[in-house]
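Order of writing sets the labels: A, B, C, D, E and F. Residues in every chain begin at 1.
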Amino acid sequence: MRTVIYPGSFDPLTNGHLDVIQRAAKLSDQVVVAVATNESKKPLFTVEERLELVRTAIKHLPHVEADSFDNLLVDFAAKRSAVAVVRGLRAVSDFEFEFQLALMNRKLNENIETIFMMPKDTYTFLSSRIIKEIARLGGDVTEFVPDNVRLALARKFAKGN
Amino acid sequence: MRTVIYPGSFDPLTNGHLDVIQRAAKLSDQVVVAVATNESKKPLFTVEERLELVRTAIKHLPHVEADSFDNLLVDFAAKRSAVAVVRGLRAVSDFEFEFQLALMNRKLNENIETIFMMPKDTYTFLSSRIIKEIARLGGDVTEFVPDNVRLALARKFAKGN
Amino acid sequence: MRTVIYPGSFDPLTNGHLDVIQRAAKLSDQVVVAVATNESKKPLFTVEERLELVRTAIKHLPHVEADSFDNLLVDFAAKRSAVAVVRGLRAVSDFEFEFQLALMNRKLNENIETIFMMPKDTYTFLSSRIIKEIARLGGDVTEFVPDNVRLALARKFAKGN
Amino acid sequence: MRTVIYPGSFDPLTNGHLDVIQRAAKLSDQVVVAVATNESKKPLFTVEERLELVRTAIKHLPHVEADSFDNLLVDFAAKRSAVAVVRGLRAVSDFEFEFQLALMNRKLNENIETIFMMPKDTYTFLSSRIIKEIARLGGDVTEFVPDNVRLALARKFAKGN
Amino acid sequence: MRTVIYPGSFDPLTNGHLDVIQRAAKLSDQVVVAVATNESKKPLFTVEERLELVRTAIKHLPHVEADSFDNLLVDFAAKRSAVAVVRGLRAVSDFEFEFQLALMNRKLNENIETIFMMPKDTYTFLSSRIIKEIARLGGDVTEFVPDNVRLALARKFAKGN
Amino acid sequence: MRTVIYPGSFDPLTNGHLDVIQRAAKLSDQVVVAVATNESKKPLFTVEERLELVRTAIKHLPHVEADSFDNLLVDFAAKRSAVAVVRGLRAVSDFEFEFQLALMNRKLNENIETIFMMPKDTYTFLSSRIIKEIARLGGDVTEFVPDNVRLALARKFAKGN
């Protein structure tokens, strides 16, 4: 059985992330969506909130589960017996950063492969950062995130965050 | 009458910005230079200071005015009845970020077009960030910013900011 | 009255080109689609065929016309009293090439501005080159080109070109 | 059983290609190395020669086979019941071209996924084009290609090709 | 005698930096490794610590010395009578940022040239930022930094920094 | 004595090339401008013509000479006892191609370093290809090439080439 890891901050999960998860599910036997703690990035949602948002959004997808990690990605991947890490690529700027990370991860554990996939073309402009900015300014994000994420963003910004 | 919006942080306005403003003025009936509040970026100058620096620097240009906004850019553009948003492109790294924003803005309001223009080639290396760094280290920025901006930078850094 | 030039090889016109033409028409008073002779590129269609394909595809658009040119673009633009040249940008690789051309055109005639626009996101993958390759291999290009272009491609490749 | 296609011109196969083939083999049940006819590119080796060079170089790899195709890649992939096309990415310039192709292939057949993999970092500078140039100028390509390819290049250039 | 400056934050020095230093030493008579104070970046190591880490790591290299600076790079270079600034390039994203800086430095002092060099290809994925992240998460950085830097990282993170 | 090689097609030499030559001369004891035969590129000028155009344009520069080569660049550099190859970088697209070549050259001969330099910013848009296109269409290239090159282009295109 081939397990792949789909790591990220997911602060919060977008429809672009969901699209990649579904594509990865077609190519493997199990997808583990891995929420990085990333406290240095000062996320809008806590790791528990982000994990819960992912879990609710993927619960209809068989062979997909979510987990969080605060260690090296390759150590987490090895613990989960994953053969590969999946990353979505939207643009050239993504690509270079991802390339550096993937090369480093290969140095740290050469048994973990990295594979890159493309989200749906109408999602190439999506990023968690832009979504948060739009929600903060009162824009409508219905098209861009799952419904539970839309509600969580509304609650977060209603509190004056 | 065709109005275009030229949005940015303008922290502070540079000669590269002024160059784009003048080019945009040749192609439209009115240019609104729109200063984004952007408090999360911790600007060196307050939005009022930035707006004032822009107003002084453009006062000799007919059909150009300045305003500030703290809402979604497309909402501001619609309120001003603009047909397009103008953005300057200097380099590939600009391009990708601008592309993502423009695609998202089109999703949010498909009536607002984004057009990209090139500043004068001798200004391609200019950015507000580099200007602030040079001024902070006591370098001469006379060639790179309007005179009122040069003086404002001198005052800001003289205060030990 | 502001005239803009939209130059290209148009070998052949795609729906991505048509999309940019319609966007440019919203921002100007007249759009001249300018078919470059480009004999060195060994086009699939002759300049007369390419011009005819464009003319048929734009005939429903007011304030849009087509012409061909075999001189310097800035000279053609000046002859047509254009204020700007419009170019579509789909990707980073486009951007650099277009940037170089635009800077050179500015050196040759500083009165002609270049403005860049984005086609619809679902057209970012479109190029005349890819369309010709698909048509040559018998793929269906209905979604990607106007109907008259689809028929012209079918005739061209049926002849064993 | 999951089959993936690894398409290319392979004019000729390099160690970078072989490296991607081996990585793809770890993630799937069968890899089909698919040699594109590509007559318009005027390849150095005929499609039969390129296919033979690949077959010899992969014969020690289980679950890997080679084939050639002269139709649309997605049609070939469907005929082979593949779930995905694998492409190696070495650099930003690769990335954009590959992205365009992958988006177009998805339009033509949405059931065929494209996944991108990275060759070993010491192979990022390798390309069939550079290898042919070095061989043509009498340089030593032992490190860069399988032994049968090295011999084929030597024979080709000895004939004064 | 030709002196060149190799400036950076060196927070901390990596084997990639050391590789560029040795290459620069082959092309000049003296290399000054110049540690930028950069307090705004909130470095992990103080400027004194970073300078000490560099000095220990380069002590076996003739004609190489280390210094720190908190003024404009071109002013520091002029004070040291340098003919050029050396910068390592690993990737496209480096390139654009470095290009902007180099053009600006040329405006500030046209006598100081900037030259770009490539580190060893197996170091292209290395960055001080990634090294700190790996060390913070308990990963092994032996291959990526000089031994004194490895120990300093271990001490820093043992303190719970 | 440190010799550096500045290789290229120089079809024909531009002011951007001359600018890099002069910058390289400040950093080394001798610059050898090396004209590549490159017959596969179907140059406009023969290698003898290109060499002659370079020689005339550099004759006022001390410590700069021109030569041609038709072997591997690293072999030519070794024969001339050069420590480094100099390449001008204008843009991201240059960068990636140059990077690949430089890495390959390092594999072929690790004693030959590659250093990258930037031409004057007003020359970043210059390329031999664009110059030839402008000259072919009757545009004025006085600003972009040395006078002897301008005359040679005029003669070439007057003959109806």
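Definition applied: a contact is a pair of C-beta atoms (placed from the backbone, for glycine too) under 8 Å apart; a residue touches a chain by one contact, two chains touch by 3 or more.
As the structure is a computational prediction, the values presented were derived from the model and not from experiment.
When chain centres are defined as mean Cα coordinates, C lies farthest from chain E. Residues touching across the chain A and chain E pair largely diverge in numbering: under half of the numbers involved belong to both copies. Computed from the mean C-alpha positions, the centre of chain A lies at a distance of 31 Å from the centre of chain D.
Centre to centre, using the average C-alpha position, chain A and chain F are separated by 47 Å. Residue positions of chain C touching 2 or more other chains, listed in rising order: 92-93, 96, 99, 103, 121, 124-125.
Shown are all chain pairs that touch, namely A-B, A-C, A-D, A-E, B-C, B-E, B-F, C-D, C-F, D-E, D-F, E-F. By the touch criterion given at the top, residues 70-72, 75, 92-93, 96-97, 99-101, 103-104, 107-108 of chain C touch chain F in their complex.
By the touch criterion stated above, chain D contacts chain E in their complex at residues 92, 121-122, 124-125. The residues of chain A lying in touch with chain D in their complex are 2, 23, 26-27, 83-84, 89, 92, 95-96, 99, 102-103, 106, 113-118, 121. On chain D, the positions that touch chain F within their shared complex are 91-93, 124-127, 130, 134, 137-140, 143-144.
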